[in-house]
Amino acid sequence: MISILLNGCNGKMGQVVSKVAKNYNNIKIVAGVDLNTTKNFDYPVYKSPEEVVENFDVIIDFSLPEATMKILEFAKQKNKPVVIATTGFTSEQKSKIFECSKQIPIFWSANMSLGVNLVAELIQKAYKALGPSFDIEIIEKHHNQKIDSPSGTALMLADAINEVANNSYEYIYDRHTRRKKRQQNEIGIASIRGGTIVGEHSVIFAGPDEIIEIKHTALSKEIFANGAIKAAMFIEGKGAGIYNMKDLINSM
Amino acid sequence: MISILLNGCNGKMGQVVSKVAKNYNNIKIVAGVDLNTTKNFDYPVYKSPEEVVENFDVIIDFSLPEATMKILEFAKQKNKPVVIATTGFTSEQKSKIFECSKQIPIFWSANMSLGVNLVAELIQKAYKALGPSFDIEIIEKHHNQKIDSPSGTALMLADAINEVANNSYEYIYDRHTRRKKRQQNEIGIASIRGGTIVGEHSVIFAGPDEIIEIKHTALSKEIFANGAIKAAMFIEGKGAGIYNMKDLINSM
Amino acid sequence: MISILLNGCNGKMGQVVSKVAKNYNNIKIVAGVDLNTTKNFDYPVYKSPEEVVENFDVIIDFSLPEATMKILEFAKQKNKPVVIATTGFTSEQKSKIFECSKQIPIFWSANMSLGVNLVAELIQKAYKALGPSFDIEIIEKHHNQKIDSPSGTALMLADAINEVANNSYEYIYDRHTRRKKRQQNEIGIASIRGGTIVGEHSVIFAGPDEIIEIKHTALSKEIFANGAIKAAMFIEGKGAGIYNMKDLINSM
Amino acid sequence: MISILLNGCNGKMGQVVSKVAKNYNNIKIVAGVDLNTTKNFDYPVYKSPEEVVENFDVIIDFSLPEATMKILEFAKQKNKPVVIATTGFTSEQKSKIFECSKQIPIFWSANMSLGVNLVAELIQKAYKALGPSFDIEIIEKHHNQKIDSPSGTALMLADAINEVANNSYEYIYDRHTRRKKRQQNEIGIASIRGGTIVGEHSVIFAGPDEIIEIKHTALSKEIFANGAIKAAMFIEGKGAGIYNMKDLINSM
């Protein structure tokens, strides 16, 4: 049984983690930390980490950058591993995360979905096997309320290709302004917006007379909660350092 | 049995029509017209229509605008129907086509594929039923040698929606330059380019918790030849006027 | 403003209708009927229709066949239209529904999703245009807890084709047991089961070198509630008779 | 420059290899062997391998099992590597292939498409990361003239999963005969047949609220010729032994 301290427990994703955690026999949330101390689940909620009296094995952090910094200090004092699922850090804050990882184990991923991170792994493998004779295109689909495009995940996938391709690819978001053939070193990224689509990412390798497509479809935000819980199981017992979903996937 | 005079018989599409026509029991190409008078099939080839001695029922024209104008004059003299599958006319040439249609039956479609034209019909019907609460997005995919984007067919499909929507939609080709929510009156059009993809067009209606997608995939250019032949069968015996694929589909 | 009496208001779908109805300015649920009289929403709940004191315009029925029969009697007395979204009627019960429709307007559809019913319309139109030279195949996908296969909706779609094809198609659920070519008069129906997929139905028309695919994806059960509410708006003010989603779609 | 002896050069696939080879600067077919000795390309054709006078580096064999056995004997005498793309061997013949591989390098794959073999690799990696909580389903689509189902490639993909899953999965081809929930240890395999579809294989991992789909689409038979040529480049210079597409992919 792994006991969890949940930072940001009353936020949108904190509540999803609380709900999803009940599906795991070997996971128990023993306390939560949140500025809003309403007790929505069967664990006590504290305003700040110092008040927590329960013993715990791993911290899961789904909060805001400021709150993450605070919980990291607390984790260092207690010498406990942290799963960081919060996003939007400044580069200064990022440095501090790396700094902390010298003393405690930290799991940190821009996208907590196991599936999306697996897709990133698979497309790297596909790129290595197929090589530059296959053109790469990414299509992402999201609901009509999403403001930014392309999605951060689409860029993460494109970057994953570039990581194994010596950064030789440039990203093309619009083809209608130019009247010329596709270049080999392009990754086209198209953003579709409509209705209540939760999130879909498709990476297409189109070569001479064959196409390989690797596609991820999210049906709800629960997948990010599941990813965080799996990360907690993975990091428990590890030594100090930075870990991410790639390590988790390759450990399987 | 319908006998065909094929204008542009030695062009790329002319040759495909010649090959495909053999699959139809009730169709026979009796003569071809082309500047290149090589005899590639089992019918005679003439440099200009005036030289044709064979009797025929319908002209199929897969040539160039100049040649289309010439064959239209010839068709008027002979009082024969014409299927125009040539593209790229000036507005002056287009006027002349309409002019001729007062004397002879003319079948004229920007895209000769029965399937693509059916999709145009289906999305009009879908739009009328679903209304503006469903967001419309179009994705088209073509090979990496295609120069223009979006494809003419993607625009034809978007225009088909606008035709039944009082032209209330504007077309959006790139979302990455702006940081704002999708507007209701947008049709997003995304162009994917890669490998040897023949042609794919997908129209997505994404609404509250449900998505309807209508997709056309072309596997070869033969579909345009088949469309032209079906148009010849349709137009045979009709009175003077302009006909298109919509008429053909609705006659079925 | 259309006021609704909701039969089966505390059932699974009754609750979804109650939630979704709040999104409509011109719809108000004024009372509910259910054996379980817990008040979950802002309207009173009665054990039987006779107790209802509120005025209402339309009855929406998402209950069980027995309860539907009772509410129909009540609707006849009050001379009010009924939207029947309940399923699983015996043929005797079905006869009674038709019987009642001589006195009051009844909206009755096996599937209340506007999108699925639109797809049924679209594939009929596609079949008429494409004819028997296009092979028809249906793929449906649902979650791993679904017991029956194929889905009732997949059969409804296949039946929609047969309705316009003189019942000339037979349904094939398994090809691995036979070693022979596909026959023209087959509709293949494949059932995919996995994870938490809500519901996906795809109808494929595969012809000579082109494919047309019409696909419906459900993201939640709310679409059935939305369909029932739209049906209520449609049937209000109509004369006695049986109406269904096809009528609603064609009225748009 | 690698010089090739092509066994079965006038068969369907032999001719495709001859055509495709022209796209490779470092590949030259120097002679062909076939019972039909028509000279269709710019290399001489012999009835039997013993007559071949040209020097060559690698044999590509796209023939029939009997002819493969003969060419293997010849390869042993000449001490040359062989790429076997022929299928349909008896177990006795398979033993002989393994026997020969003790003396010469033999590249042998049931499916010569680089893409399909890559997909087999990717789904093994996906299975290891996702584990049994994701349900696995395979959909394959082929033209309406294909006699067998499921396709050999679909079975190859299912076997690839079983290879890394201790053969714990059983294959389900038809769900409509049984009225029960999907079991975890099933791989559903659905066969779609229609029109002129060249070949499509999709492997779906459907888990809790997320789906990963890995799909291969073949646009023509040239991909098998390209695979054989790449295999020839890979095996040239290797030592005796059996090699397959997995080795080729992992070498990239």
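By written order: A, B, C and D. Residues from 1 in each chain.
Methods note: contacts are C-beta pairs under 8 Å (C-beta built on N, C-alpha and C of every residue); 3 or more make two chains touch, one makes a residue touch a chain.
Protein names from UniProt, one per chain: A, B, C, D = 4-hydroxy-tetrahydrodipicolinate reductase.
In this text the structure is predicted, and so the values were computed from the model without any measurement.
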Any chain in contact with chain C as well as chain D: A, B
Remotest chain, chain A as reference, centres from CA atoms: B
Averaged-CA centre spacing for the pair chain B and chain A, given as whole angstrom: 46
Euclidean distance of C-alpha centroids - chain B vs chain C, Å: 37
Euclidean distance of C-alpha centroids - chain A vs chain C, Å: 39
Residues of chain C touching at least two other chains: 195-197, 207-211, 219
For the chain B and chain C complex, residues of the former touching the latter: 113-115, 118-119, 121-122, 125-126, 128-131, 207-220, 222-223, 226, 249, 252
List of chain C residues in touch with chain A within their complex: 195-198, 219
In the complex with chain A, residue positions of chain B that touch it: 134-137, 139, 141, 144-150, 173-177, 179-182, 188-197, 204-211
